[in-house]
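Look at the two complexes coming up: chain A is in both, with chain B in one and chain C in the other.
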Partner chain A sequence: MNRQTLLGLGFLSPALLAVVMFFLLPVVLTVVFAFTNMSTSTGILGGEYQISESDLRRLPAAGVREEAVEMLAGADYAVRADTLALFAAEFGDKRAQELEALHGGASFDDRRAMERALKDLRRDPIRSVRERKAAAELFRISILGQRFPTEAAFVEAITALGIPEADQAALTEAAYTGWTFTTQNFELLWELPATWRYALNSALYVVLTLAFNVGFGLFLALSTFYLPTRTAQTFRAIWFLPRILPPVLYVLMWQWLTWDQGFISAILRPFGIEPINWMRHTATHAWTFIVLINGCVGASLGMILFSSSLRAIPETQLFAAQVDGANRWQQVRFVLLPQMRWPILFITSYQTLSLLTSFEYILLATDGGPGRQTEVWALAAYHTALSNYGGNLEYGLGAAYALALVIIGILLSALYLRFFNFRDLVAKPRIEQ
Partner chain B sequence: MKQMTCALALVSAMAATPALAEDITITVWAGGSNDSDHYRIDNIKIAANLLSREAAIRGEELNITVEGKRDFDGWDGFKQAVTLGAEAGNAPNIVVTSHLDIAPWASAGYIVPVEDYVDLDAWPLNNVYSNLMEIAAFDGMQWGVPQDAESRPFFFWKEAMKKLGYTDDDMDAMAARVEAGEYTLRDMLADAKKAVDMGLVEEGYGFYPRVSNGPDYAQFYQSFGGELMDPETGKLVFDRTAMTEMYQFFVDAVEAGVTRKNHIGTEWDQWYSEVASGKAAFWHGGTWHYGRYTGKEGNDDFFGTIGFTLIPAGNEAGRANTITHPLVYLVTDQEDDRAEEIAAQLVAIASEPRLNTLHAIESSHLAIGKAEAALDLYAGDRWASEATEVLLPHANAQPNHPSYGAFSEAMFKGLEAAWTGVQTPEEAVAEVEAQLTATLGDELIIR
Partner chain C sequence: MTTSLKGNWLLILALSLISAPLVIMYGFQLIDSVSRPAPGGIIPQEWELTNWRFLWERIDSARPSIWRVTLNTFVFASATALLVCAFSITAAYALSRLNFPARRFFLAGLIMLHAFPTITLIIAIFIVLQFLGLYDSLIGVILVKAALELPFGIWIMKGFYDSVPWEIEMAGVQDGASRFRVWRELILPQVKPGLSALLIFSFLAGWSEFILPLVLAPGADAQVLATYMNAVIADDTRPDYGLFKAIGMFYALPVIAVYLLFQKRLMNIYGGGTKG
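Coming up: the complex of A and B.
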């Protein structure tokens, strides 16, 4: 490897690092997560081993035989010879004798009851809460609710309980609290009726917004092209505002506009039109505003790019057209637009990909409402993985949603690259050859 | 001689310092808390002071620094912060959160049972209402301690009721009639329709429900005979009939012009100001709304203008009910057991009636324990006393089940679809059922 190559790699390395960190790694993690049942309940970094009371009824379905389940159930704490011996070793024979006299042979369902039994000791009571808890633990005979950090510790505990070896594997698997690999997320996506609605919503969202973005961006660029430079710049600056406003503030302004006590309703009231919430009244209202909200942001980018490529077109061509008697429309249609093919294609492909994964403006404006009518695929992924009133976030299922987007995105990029004829685009200009 | 003096001085100095000097920092994160909820953190600070004093009397030096944080980006932001903190091994020692988080967080190992460290049979925990303690338990273990109690009443605007023909006595008897099932949601709908027709309130303001998902909607499911969890098996229950009738009720309200079709998603600020000023005839909310109505919204005559009852029954199968959704103190899993122990002890001390009353009255919540009713501060507060009496005995809670969150979201999304007219109630129920069957599988009983 010569020095130049090394230098080249050196210069590239920050970009490579960024690509790996912010593109490849998230994609790889999304793929991995999508094939797990990871959720808040399972934790992210791994689990422990535990059988709790509510697990008991799930065990038969997990392949653990009834007799093994019965061995796990039953009382948690018992005052019997072996547990009393443990107690005597730590807390003295006298206490053990008194406890045997009071509660010998008794068993208790929970630690609280066991602690109460220990409080009955009169001759030499265990006074500190901490010690009493430690003493109560000595009488524990069940493993229900106990957490074992490793598989070995858990297997040891169930072996000590006398669980037959045939059931141990299934029981250990059922006891694992962490996540496991599974394909159930994709089966679930396939089965859920809502999935198809979200897919349709996404398609609708992308197509409508894209049409607005490109069309309006082009309109702005062309209309400002013919204005005097300073006026044109002012107009462009104004149309650029939606993009530089913080999204929360930008959407809030739309909310003010559309509330049933907002600007639109107030203006229309004198004309006898009942005030309604213009953004949420029906699905059509919601879609209209979502396209407008996103479209105004997207159009500004199109406007800037289109404007600069319009200015790159030699003015002499327009003069020539004028001499030939072309009016403004004919100039646009036959001189300008044919030379705008590349920027239009670029904006179309770029915006398709970014719209496909964008949901923040929808989240702020309608949050997918009314009645899930504007819930797009990316928003569903967000809701599943990161927002749940009840607290259990389903990271795995959310990643499965996101993975579908990644795949569609990659396919579309490949398609666009082909459509674009990328090699032509980066070829050397012929004029300089 | 000089040497001896020095040695003596050293010995006496050592004798003066207690044998164990222990410095410990306890962090408390409180979710969903605004300014009036500062005692969620301050009570832990007071508890730390008390615990240090107790230690000093035993001759130990225990210095506890309490650091609190309650400015989170909503519930979502708070829960993400806690879970990611726990994964990274730097979770706060104590969290104040919804009791619904117990099931998933316990299973993930983020929290430890508070019963590992404190005596549940001793003061002050034996003073806490046992039904509230149960809400903070899961799978046979006491994971947390209720931090506050609340309840979600049904409200009506007295002036509108008067014009509908109800006398003052009628209104006073309303709570009892609702409780007995004599006044149902259907009666309410008829009254609300009348109020709209008579022009007492604007169209869409007859019945003015909560604007977002929350425990409140489970109440209406219960009003129509729905049950959230099967007590025998601990599985969640999806009652087709109750769900359909509940959806139908909201659809009927929209059709009658009593409730707005696009009501869900209304801004909270707008909603509060409207209900507190009598723009709506009937609505429902929470006990803590009292503070908001009389404070920020400036309703000076709460008892003269607003009446409250349980959520009325919807039909014969259902019952008048209210859901309490207490926040709980939870102790998180830490490397250092001593930090868990101190945290659990602080939580216990913060549950002292006097301390909890400070929070209850300051933030318009209800008491967690019996003894609070006897304290002057609590007894002297008309809202706290009356709400405790009318609502708390009938309050139940949503189940601590790892999948309840999915259940609640699906139920609300279905309701929204029916409410906004996107689907009929039957279609919406069928879709929710299909979704829950697929996601919950064996954990769901369908009736």
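Coming up: the complex of A and C.
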């Protein structure tokens, strides 16, 4: 018993590891990321602390008092014990002592002033301009534009600036450049009119394509069922190819068929019809071809599955029907279709879920265009988080889009589990040791 | 039943009509890759091989060489296929034949994963790969693709194991062999057809994969044929369909070869069937 358990778990463990890494963890992370404002500008691995010149204006709104802001904006260069120590280390104690005697406790607004102060050194002047510039940098105490990797380093720096403790918490929060937890993604989704548009597009896409898939798949399976084997095989081969051809090539063939110098335009030109891009001209054109492109792939799967379940129906039933005088339509309607209920249900439920979440063919065919007319929910998630022209990829918002699909996916696949006789699949192993 | 051509002419006519667009696309895919159509037209003027120039010269200096990209694609597809097969043969056997705690739970999980649309996880996976430092590398995409194909692989292999008679196993155990030895020496040879079908299937799935390399490995070093071809199409201001189709032909050759060789076996596995 124990050894078998060990063997079982051992056999399972590589697959389990993969499932945990690339299924469970991403599911959990999708939930987590949906509640963050993570984006290209916040980075992924946590952020730094930085106040820039332009940040100063928004600080009062973030709860930092004016005097603290002035301190941040104020004196840039100061001759103090700590800056003098840095100077001494590089340019010698003697110069440091002289500078302290001349300008100890002074502060300067810009580097030029600081450099002038350095020119006052008489005993051992710094002659090179470049060196003076480097020396002036050592007295820089402003933290504007400076990056601090940790919160502690930032707090230390603003304490050194003399920022009152009351303002430090608000300032630290405002200075953080990394991502933070927030619920604004969902508020945004709720408010944006585009959200509803994407949801409607998805619904339209799933309903139309599914109807095409199932209807056409059934038609192909039933019609080839009645044909001589060789002819049937030819047609099945034609319709099987869309499923195994690489999507990039498959969609390219449709692009060629529909572009303004492509097949359709060339065929219609003699009839006086202006050449247009038949796939992208209007939203209706785009939807038609999206349904056709996806539909041919889906119908291909439907045809294979329906054909194999048709072959499983005993021929004697059809002979009996024929003897009873049933014509072909009646055979289909009363003998074949009733026995196809399960495969049809299976294809319908399986494809509902995969159509709802797939965006590969739409991305390749219209990329959501024209305008955003064919942008479905899954494609919107992709565009928001992984590819947009603005350049700022909003991972958090994209994850919020994806979360809706993940939840639907989990609910539906759990439903299917209950639906398709689970008990048959888990027959107990017969060797008990 | 009537299976003569004569009695079915109406049906054949209807099928031919609706199949025509596909046949036209296949035909011109082949023709256009080795010919040049009349300007603005579709009828081929001359036969020529200039569309295949991408094989011996760079069509664009910024692009990696086609052979490098082909090698990447081959490595990607075969590594994925091997990983899927290696993980599936053990996991599926455990789920099909071994009795261990929480087996029902794992099986339910498998069925759920099989139906679950994994593409929804791509944003999170993108970030996981960045955490792991595997972003923009072939290894990263291989691992992800293999993991995402795994539920399907286990599902198919479980079907094959389920159809192996229990008597074989009983006999082995009776003769004193351990369960491991029984699996290796008696059961594995029985599911070899299934394993080869899964290998072919996963190879094709990897060869055709587009979204994962596009998102997870966009750099030039890890480019595969799908992303290469897409980039050539997307970057061109004036579409050169002859070139696109020639690249497409080159890309699809292994797929078509495999299809012609293993058509029947593939149809079975694409239909989710369990019999080899």
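Points to keep in mind about this one:
Convention: the second predicted complex is superposed on the first by the 328 of 433 C-alpha atoms of A that agree within 3 Å, B and C clash if a C-alpha of one lies under 4 Å from a C-alpha of the other, contacts with A are read in each partner's own complex, and residues count from 1 in each chain.
Heads up, the rule we're going with is that a residue touches a chain if its C-beta (ideal position, glycine included) is under 8 Å from a C-beta of that chain, and two chains touch if they have at least 3 such contacts.
The shown structure was predicted, so the numbers you read here are calculated from the model rather than taken from an experiment.
In the superposition on chain A, A:Met71 contacts neither chain B nor chain C.
Touch criterion not met for A:Ala174: it reaches neither chain B nor chain C. By the document's definition of touching, neither partner reaches A:Leu102: not chain B, not chain C. For chain A, the partner touching the most residues, choosing from chain B and chain C, is C.
Within the superposed three-chain model, A:Ala381 lies in touch with chain C and out of touch with chain B [touch as defined at top].
When both complexes are overlaid on chain A, the residue A:Leu204 reaches neither chain B nor chain C. Contacts of A:Phe11 after superposition on the shared chain: chain C is touched, whereas chain B is not.
In the superposition on chain A, A:Ser39 makes contact with chain B only, while chain C stays out of contact range.
In the superposition on chain A, A:Leu412 makes contact with chain C only, not with chain B.
By the touch criterion stated above, A:Leu345 is placed in contact with neither chain B nor chain C.
Common to the chain B and chain C contact sets on chain A are residues 44-45, 255, 259, 261, 386-387. Across the complex, chain C meets chain A through its residues 1-5, 8, 11-12, 14-15, 19, 21-26, 28-29, 32, 40-42, 86-88, 90-91, 93-101, 103-104, 106-109, 111-128, 130-131, 143-144, 146-148, 150-151, 154, 166, 169-170, 173, 178-180, 204, 207-208, 210-211, 215, 225-226, 229-230, 233, 239, 241, 244-245, 248, 251-252, 255, 259, 263, 266-268, 270-273.
Chain A makes touch with chain C in their complex at residues 3-5, 7-12, 14-16, 18-19, 21-23, 25-27, 29-30, 33, 38, 44-45, 220, 223-224, 226-229, 231, 235-249, 252-257, 259, 261-263, 266, 296, 301, 304-305, 307-308, 315, 318-319, 322, 350, 353-354, 356-360, 363-364, 378, 381-382, 385-387, 395, 398-399, 402, 405-406, 409-410, 412-414, 416-417, 420, 422, 425-426, 428-433. Of all residues in chain A, those touching chain B in their complex are 39-45, 47-48, 52-54, 57-58, 61, 109-112, 115-116, 119, 129-130, 132-133, 144-145, 147, 177, 188, 191-194, 255, 259-261, 276-277, 280-283, 366-367, 369-373, 383, 386-394.
Those residues of chain B lying in contact with chain A across their complex are 75-76, 79-80, 83, 87, 98, 100-101, 103-105, 107-110, 115-122, 139-142, 213-214, 233-234, 260-262, 264-267, 270, 341, 402-409, 413, 416-423, 431, 434-435, 438-439, 442.
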